[in-house]
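Letters are used for the chains, namely A, B, C, D, E, F, G, H, I and J, taken in the order the chains are written, and counting of residues starts over at 1 for each.
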């Protein structure tokens, strides 16, 4: 229907092998953190790999297959050596409120963040390639808080 | 010129009183952190207020005026009680690389972040209204790192 | 056909389990209010859940299944614990006149609403997360009236 | 500057006579409700007229002029008989969070609202021309609430 | 192919039951006017209903089914009581020249039309809900003319 | 202000000579129909010329100058022989409700109109170049009606 | 894949009957000019009809069917009397370089072309309905040249 | 006014020196062809240079200055050696009907033109850099015709 | 799911024969450079042909078929004489970071590049039709470098 | 004028101090390479700094001021320590043909470039921050060639 942008499960639209990963995770009742422990990775990075936004090494594929009881060959035949991520999954501007609030954060606080980066580091950027992302839960009697951290390398602009 | 999106100083386009704040800050060689100390606020929040993305209290206006040697009446006649912020300063998608990297962070890591928030908190969002934003410099021999933190209250969806 | 944005039933485009909910409701001739009574929820909230814009609890899934004679397991295997809504169903700007009038209401009355909120509450927003929505029919000899109410918590902007 | 969408006072961009209305209101410390009492209109409607989204009658212009101590001739020479509103003030999608939440409300709850209107009224729309809009403050110990109401005539679709 | 916006029959993209209506009409060699006579409706309205932009009553479904030799139950199971139109079929801006000329008419003559409506009726609009649309052929030796008429109720803006 | 699309009088944004035409018309209290009588043109066409969407002949410029007491030389130095219209005044999609309803009319009734034109005329279009536009007021006890007519030449597609 | 706008054969996306026409043409090794000879039409017009941008007469369908050895009934059951073109096949702006250069031609030379048309013809347009289009090959030692001609009727603006 | 895309003379928006060229041309009553004769260039090319879409040589500047009685130094101080065109003057999609018809020509006939170019020339494009553009008036008793020609070098795709 | 732009293997979305080429290449563990050696072409050109952005000659098809053990007839039945590329594969703006950085390079360095081209060559462009593209790996102790080269013919603007 | 995107000198739209740099350069007849020699920088980098897309050091400002005979204090009061670039000057998609060809290069060759980078370097990107850009003129009897090189550091994706 024209007025409706169809949506369904949180991972529909992904390739079948990724859907299988999500379904096995749900069936086994595992969290991303649980899976992360098996391959020594942060939960956000694991979720990124499930969403095809990061690339498992061959060794990680084997371990993830074991944890989820999926044949690693099936995983690596799609997500193995000859595959590379096509990053940039979220349609912009996001319509989902969870995603939109992050987007709004850039519109409102982007210039202040840029100004403080320049004050503290000079002319350059925070890398989003060499960048770790964490989501923590901070208990608070007035309501628990989400602490979202981007920890990225500063890259100064080259001159030539 | 049609091919050029004109740009100039980092604060052109803001109302004159905000430009004055920026110019006085430059003239006095103060950082946002310096000004933040005078009013007991974080440097990112101060930068947000300079960019008209947050609202000084009357008391803060007086102190900022003192620090920058600007008549507080001039500030409060524009940014005082009858003024409220029109938030959302950054044109989207951002073209500046510093801002764009944040935008890219949402496109690439937004779904993983959303998934982990749901896993840890349930059905709801991280507030961008009740949210503190920090920029820290983390020294690193392989290149210093920018640590950007959003610390926002979790808001569960109401049912009725 | 290129000139046509295909549309069909009012719920096509939704996941199969949601389509089943709509079809069972039609078959049984129930209104959203009828279903709402069974789970003690407002009709608009029930409709939101049918459109996958709100999340039934496990208990609600059981009751809805009973009312509509659908196996609750079938519902919860899709919409259960591991599912979360992907909110934001309406394509914007809306083309359907019912939806467009709401959109027009924001374009015309949005600034006045914002101004009065600031006058009455200060610097902050009306939450759309902690917000109840109602649609009432008000009989009127000059033509019945639709009374649409958004009842949302005021959230003041944090300072830090 | 290219990255900045310039903004300033909450009414900049309006015609000079409207700016004068806002400035006189601020100078006199009046609320929209105060001005509404003088012309027997709701505060939201008054704010709409200040934003050039509604049209004062000649009689109302005289009274508003008296309350704000502005020469009514100056007002009516611009906003008088030969003027009509050019409605639709808000740029869409809105970037300001107060306005955006209303927009999000349509994306998330628009289809449920439409479905309930059809259930209760049949094939037609809620008029946004014959529609009254109210903003009320509802005290609540858990945090005060904004109650926003659209009260619009139902218009059935004609057949011919 | 990326460069091509695929198109096919004039009604592809519509729900199957609507396609059936079009095909039966073609098979029987009937015009919209012919079908309109059977249900006492104008040809444009009938075409609108075929395109799912208007809603047949139950009685009209029966008669249309008879004229086209389609089982009315098949029609009403989709387009019956629990169905309502999702209006707004044409993608904008239209690319087809017939549709584009109408669009151009608004861009060129929209302001003059608005100005004359205000002069003749005051502050309000021509309803597109209570509006009849007609297409007539006016023979002319210099080339026949299309006479397209919108006959809509004037709705004055409410004040409150 | 970023959230506001500034608007002012109904003819601001036009070249100075057109603004003069509008102001003189207002000062003299004339309708477009009054001016149309002086040059034997329909009121909609006159409004189009005032909005720089149609071109006065030299003779018409003289008469309009006389009626409005503006020096015809001033008019023809801008709108004379070396000037031609840059048509297409309305920003699309229109935000003003009067203009939007016309736009909605195309989205909802465009395909039916196209279908009936093809049925009655064959493969071709209604010209918007050789097209007359009229706005009439039709009194009606249930509320007066606006009758808007486009009377355009049918142009068959050439083959070669 | 999100980054890829899938493309395939030069006529994929068209209705099956058109694909058949293209495939038969390829199989028989005929050019558009060859087919044009059989129905006495220019090669560009034939290509337009193959792309569903022009309408064959019944007689032409028969001849094209003979030339391509396709049953004319199969063609006319889709593209016959009850079908009409949905014109406007190219997505804009075009991404293919052949198509883009034409688009660029309008951006660069559109105003000069308009200016010269006004100088030579007065206030009006070149019709794209009554317009013949030709592509010729002009041998040139410095590199052969494409000569693309639009030969369209001038339509003066009506006044009323 | 928000609903109006302001327009004025056919050359407003250009740099002052170009406006001077247009005004001098109007004052002297010269056509583009007249000026073209003085510098041995086609009228369309001259118009392109007037619109800052082509670059006069120093010698041409002198002759144009003589013909229009403008000091060549004034012209060459802006449009001389250190200036180069910023091509691409027309906003797309064009709203003016003269320009739009050309745009429509690409949407409708672009694929057929591409197909015939490939048939006649192979894999490559028609250059819009090495391309001459002409506008001719072809008298016709059924209405004069505009003959618009693009004569561009064929460029085959390189392989490497 | 609405929030997700589905992506999968790096070549999904391409026609089946191209997918076969990619899969055979992966199966055989060949690089684009390996395949390029067989047909005496650069690796980037080979990759372009795999992505349907360049056209193999019949001779090249035969050799590629041999190297990949695919029947050349299967390749040439789709990509042979009657096929031509529909170029322009990447959706813009690109969301993938690898592609986006190139895009950013134009936004930041496009004007400087244009200025230096004009300084060195005069009024004209670098052809993207007669242009060779290379990607080299330059070892560097501070981190290896990508050297991306566009080597295109300069085309001066024609005058006529 | 609505149809025209005004353009003027190649550096209009930049801040006054940048315009001064361009004008002094023109007055002195210097190339970007000439200025680059004075500060030991490549001509493309110098042009980038002139376009406010790179940041001069204080020392460079002094030397540039000497070469162009502009007071360095005037330069550094705007472009000095408290200023940082707002990068991203080109409006996208570019309309100027020189810039567009680069854009087209990404649409056509972006995926092949990405594929070869992955083959040669693994999962990561070519930095546009640590990237040098060069424009060389390569004489060629068949027409001189532009050789445009991006030499950027490869950044592998971090895992965490």
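Going forward, a contact is a pair of C-beta atoms (placed from the backbone, for glycine too) under 8 Å apart; a residue touches a chain by one contact, two chains touch by 3 or more.
Being a predicted model, the structure only gives us computed values, none of them experimental.
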Shared interface numbering between chain I and chain H [over half = same, under half = different]: same
Chain pair among A-B, E-H or H-I whose interface repeats that of A-J, sharing over half of the contact pairs by residue number: H-I
Distance between chain centroids, defined by C-alpha means - chain B, chain J (Å): 29
Cα-centroid distance, chain B relative to chain H, in whole angstrom: 46
Chain F and chain G, separation of their C-alpha mean positions in angstrom: 33
For chain A, residues that touch 2 or more chains besides their own: 1-10, 12, 45, 51, 84-90, 92-97, 99-100, 104, 107-108, 110-111, 118, 125, 127-129, 131, 133, 155
Touching residues on chain H, where the partner in the complex is chain F: 1-10, 12, 26, 94-97, 100
Touch list for chain A against partner chain B, complex: 10, 31-33, 43-45, 47-48, 50-51, 53, 87-90, 92-94, 96-99, 101-121, 125-128, 131, 133, 135, 137-138, 140, 142-155
Interfacial residue positions of chain I with respect to chain H in the complex: 41-42, 45, 54-55, 84-85, 118, 123-125, 127, 129-133, 155-160
For the chain H and chain J complex, residues of the former touching the latter: 5-15, 52, 78, 82-84, 86-92, 94-96, 99, 128-129
Chain H residues touching chain E - in the complex, by the definition given at the top: 3-4, 93, 95, 97, 100, 104, 107-108, 110-111
